[in-house]
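The next part holds the structures, each set out as structure tokens.
Here subunit A shows up in two complexes: once beside subunit B, once beside subunit C.
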Partner chain A sequence: MTTAVVTGLGVVAPNGLGTEDFWKATLDGRDGIGQITRFDPAPYAAKRAGEVLDFDSSEHISVRLLPQTDISTRFALAAADWALVDAEVKPSAHIDYDMSVVTSNAFGGFEFTHRELRKLWSKGPEHVSVYESFAWFYAVNTGQISIRHGMRGPSKALVAEQAGGLDAIGHARRTIRQGVGLVVTGGVDSALDPWGWAAQLSGGRVSATAYQPFDVNASGYIPGEGGAILVVEELAAARRRGTGQVYGAITGYASTFDPAPGSSRPPALRRAIELALADAGLTPTQVDVVFADAAGDSALDLQEAEALSAVFGPSGVPVTAPKALTGRLYSGGGPLDVVAALLSIRDSVIPATANVDEVPADYRIDLVRGEPRYQTVSHALVLARGKWGFNAAIVISALGD
Partner chain B sequence: MRKAITTDDLRHILARCVGIEEDGELEGEILDQTFEALGYDSLALMETAAVLQREFGVVIPDDELFNTDTPRALLDRANRAVANAG
Partner chain C sequence: MSSRIVITGIGVRAPGASGTKEFWDLLSSGRTATRRISFFDPSPYRSQVAGECDFDPESEGLSAREIRRMDRATQFAVACADDAIVDSGLEVNRLDPHRVGVSLGSAVAASTSLDVEYQILSDAGRRWTVSPEYLSPHMFDYLTPGVMPAELAWRIGAEGPVTMVSNGCTSGLDAVGNAVQVIRDGAADIMLAGATDTPITPIVVACFDAIKATTTYNNDPEHASRPFDASRNGFVLAEGSAMFVLETLEHATNRGAHIYAEVSGYATRSNAYHMTGLKKDGREMAEAIGAALAEARKNPEDLDYINAHGSGTKQNDWHETAALKRSLGLHAYETPVSSIKSMVGHSLGAIGSVEIAASLLAIENNVVPPTANLHEADPECDLDYVPVTARERRVDTVLSVGSGFGGFQSAIVLNRPGGTR
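Entry: the complex of A and B
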């Protein structure tokens, strides 16, 4: 069996630009959430978000690409560049059809589209940029990364709200198993313009106050922007290439779909966890940490806690949600958690979950709070749920000898 | 008679709508370089044609547009349209 390993990381997060900045902020408990600055949020019920404030597009994106890219695509292109540099991959030294791109996206280019729609209604159709034809589109990040680096292997875009980022990484592993040597994968989202914000608020789960997953006072989530891009390679190929580091292996993956609302059947998150563990060939006792979906909604938090105690036993595994510091990043959320899981393995530390004062006793979960917990991490389970029933689970493992 | 479109007009349009490197990238002899060599794809050409239509009122059908492979050819085609419009 081939082994898919992660050899490069690229991060654009509200609490850190670049992998190590993000990781330090995560361990230090530094958040990236504040009053929205991108537009005036005064008329909206919720006014706080996890914005990426220190990203200068002209510093990271070529002038030819600026007129044709939404901010989310600029994040994705920069993160992909950083991941390739981190992996010491020179795409020009690889066969073009032996490199693929598989990313997830939940929103498309909202801000770009908002600007073009404004031109359409205020000035007329002849003023709409021709680049709107693809700048809005869910597959645009996959396409732009593919074009930029000459990656012509089988490529995809997956859409499943917050679960999609893990689906993309799962599909990257499948692509490696199909014989492609290298896959650029992950997810990035941003929709922090007035129209994108209205769309996010219409989902009904955005908190007007704070993102406190698993807390007695959970009141919804704070949205953020950004995400992570990873370089995934087949282990033997990475070793032949002489790569600097292998962060870990993608050893298990599963996705499930919830039954229709009102159904007597149980939610399908537990089944996703069990299938991913079975796929990895692990028993629950071998898992050292769970990076939870952490919806920040009491019904959904309870549902996740019940799935975890059903599989691992009451308080049977450390659980954490570093996303309390960034907000939920939609397609970027799962990949950013996978980055955190890989760094937990590297540094033998589980980051804490911020903003939680009291966990309801009936959740029966061992939520890591306050300080990071220093311990060896060999296997990490990462979970993500997307609105309307998507569940994804992925197992990340330290590379054995 | 409407005013002809100059090389500088085209330069400014290219700079504005499809992006150019800092000062000077399009300053030299660009007229006879191919769009491909200048780094402009078919969409960049369409975007440029849209601005020409908006600001100079010239309409260049897509099939003819894609047959213009250099800034000089595009300028000639656009100025023929200006002349015909009288």
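Entry: the complex of A and C
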């Protein structure tokens, strides 16, 4: 069996631009959440978000490409660039069909489309941008990354709300197994324009106060923007090109879907965890940390806690949710957690979950709080759940000798 | 590892067709179902023609609540899914939910609802800051279309892998290709797969106007979609959906199901060239075709019919013709090629699945559907495009290809099970 390994990371997160800035902020407990600056949020019930404030598009995106791209695509292109640089991959040195792009996207170029809809309805159809047809759709980041780096292998764009980013990485591993040498994968989202914001609030799970996953006072989540892009390679191919760096291997993946609302059947998260562990050939005791989905909603948090204690036993594994510092990033959330998991393996440290004062006793989870926990991490489980019932689980492992 | 995957159920909604039988009647008779846009006043738009469906959600059996909740594209997919399940003969409540999944394709998802909601919230674009008090409770469902495959999963009780593949205009091929891979990976035994798009809404019409991709034959809507014809001047936007039941050959055989075809090969490549432009050489589409044939263990001479992307833009028709020659050699000239977009238009992400439905029915009926409105081929398009009239011939193996924004080029090979002559 081929081994899919991660050799490059690119991060655009509300609490850090670039992998090391994000990781330092995460370990220091520094958040990227604040009052929205991009428009006046006064009319809205919730006013706080995880904005990426220090990204200067003109530094990363050519003058030609700027008018063609939504902010989310600019994030994705920059993150892909950084991931390739980090992996020391020169795409021109690879066979074009041996490189693929698999990204997830929940919103497409939403702010871009908001502007074009406004032109359409206030000025007329002839004012709609020539770029609207391809700046909006969900495949935009996959397409733009493939063009920028000349990647012509089998590529995809997947959508599954917050779970989609892990699905993309799972599909990247499948693509590697089918014989492609290198896949650029992950997810990035942004919809922090007034309409996108209103639409996010309509989902009914956004907190007006704070994102406190697994806390007794959990009141919903704070949305954020950004995400992460990873370079995944087949191990032997990576070694052949002389890679100096392997963050870890993608050893397990599974996705499941919850029963229809009102069904008496059990939720499917536990099964996703068990399938992913089985896929990785691991027993629960071998897992050193779980990066939880951490919905920040008491019913969903309890459901996740129950799935974890069912698999790992009560408080049987350290659980953490660094996303309390960034907000939920939709398709970007899972990949950013995978980055954190890989860095936990690298640095032997589990970051803490912020904003949690008291975990209900019946959750029976060992939530890492306060200070990071220094310990060896060989296998990490990353979970992501998408609205409507998507569950995805990925196992990340240190590379053995 | 290479388990054989077959299609045992079809559901389709297309312009002029509220079901599989009407769809095949339309295609085999060579009639067209494109018309002047009636959903809104098209007069301010450059292209005023579309392939609209006379779709009535109530008579499709959707409840009032479902109709309020679901975007039109979701309603289409649900109607097709219901048909596909019935057609397959599967009793869904007797299946193991853990082993059933959904792979739905769509390019622009809830574009209809987004357009409508935007007008309400923004007072027709007068304000940048939208009014939350007028927000639809379903707005989040339109913001991100994960709800679309979710609705299908709930309907059939699927608890296995569920996802949306959104690869622009090849989504309909890629969603089915993805389903095949999911079954081969052992993650499911049965997949409901297909695609849906209902993009006949002002913002989508306007964005294709802006790049002059759509036709301007506004005075002749029935004859506006003219793939490969010298007079073609763009594609005709359309809506539609097709859904399929996929399962292993063994599973289908054991339950005595009718098998339409085996999905024996699938491949996709990207051109890494331009988000909307195509190079004339067809290199990447040819590569996808070659890879799909290799996976299917078929040679060019095995193909009985090629279901073309055939959008009716000049650049596509040149690109595709070159790709067929590049991948099939002289056999490109000897194999019938046709574009059903000439009859039902181009329903973006859905059309790949609608075209798979057409390909399955070509195998079922041993008839090649024609390219309507093709009277004088572009001199650079010199293959056998089956002009105007359907052709009876033995059809065991079909290649269906797609090409889309973002540079995606996909190919799928379908063949009659055991149909090697």
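Definition applied: the second predicted complex is superposed on the first by the 401 of 401 C-alpha atoms of A that agree within 3 Å, B and C clash if a C-alpha of one lies under 4 Å from a C-alpha of the other, contacts with A are read in each partner's own complex, and residues count from 1 in each chain.
Just so it is clear, a residue touches a chain if its C-beta (ideal position, glycine included) is under 8 Å from a C-beta of that chain, and two chains touch if they have at least 3 such contacts.
As the structure is a prediction and not an experimental result, all values here were calculated from the model.
Q: Which of the two partners, first being subunit B and second being subunit C, lies in contact with A:201: first, second, both, or neither?
A: After superposing on A, A:201 lies in contact with subunit C but is clear of subunit B.
Q: Looking at A:376, would you say it contacts subunit B, subunit C, both, or neither? Reply first, second, both or neither.
A: A:376: touches no partner chain.
Q: With the two structures laid over each other on chain A, which partner does A:66 touch: subunit B (first), subunit C (second), both, or neither?
A: The first partner, subunit B, only.
Q: For the three-chain arrangement built by superposition, which of subunit B and subunit C touches the greater number of subunit A residues?
A: Of subunit B and subunit C, more residues of subunit A lie in contact with C.
Q: For A:150, using the defined touch cut-off, is the partner it touches subunit B, subunit C, both, or neither? Pick first, second, both or neither.
A: The answer is second: A:150 touches subunit C but not subunit B.
Q: For A:138 in the superposed arrangement: first (subunit B), second (subunit C), both or neither?
A: The second partner, subunit C, only.
Q: A:174 in the overlay: touching subunit B, subunit C, both, or neither? Say first, second, both or neither.
A: second
Q: For subunit A, what residues appear in both contact lists, the one with subunit B and the one with subunit C?
A: Subunit A residues touching both partners: 68, 126, 129-130, 133.
Q: Can you name the residues of subunit B that touch subunit A in the complex?
A: These residues of subunit B touch subunit A: 17-22, 39, 43, 46-47, 50, 53-54.
Q: Over in the complex, which subunit A residues touch subunit C? Could you list them?
A: Residue positions touching the partner: 39-40, 43-45, 68, 96-97, 100-101, 105-107, 110, 113-114, 116-126, 128-130, 132-134, 136-140, 142-144, 146-147, 149-161, 163-164, 167, 171, 174, 191, 194-196, 198-204, 254-261, 265, 268, 271, 330, 386-390.
Q: Quick check: in the complex, which residue numbers of subunit A touch subunit B?
A: 62-68, 126-127, 129-131, 133
Q: Using the touch definition from the top, list the residues of subunit C that touch subunit A in their complex.
A: Touch residues, subunit C against subunit A: 44-46, 97-98, 101-102, 107-109, 114-115, 118-119, 121-122, 124-126, 128-132, 135-140, 142-147, 149-150, 153-154, 157-168, 174, 178, 181, 185, 187, 202-203, 205-211, 213, 267-276, 284, 287, 404-408.
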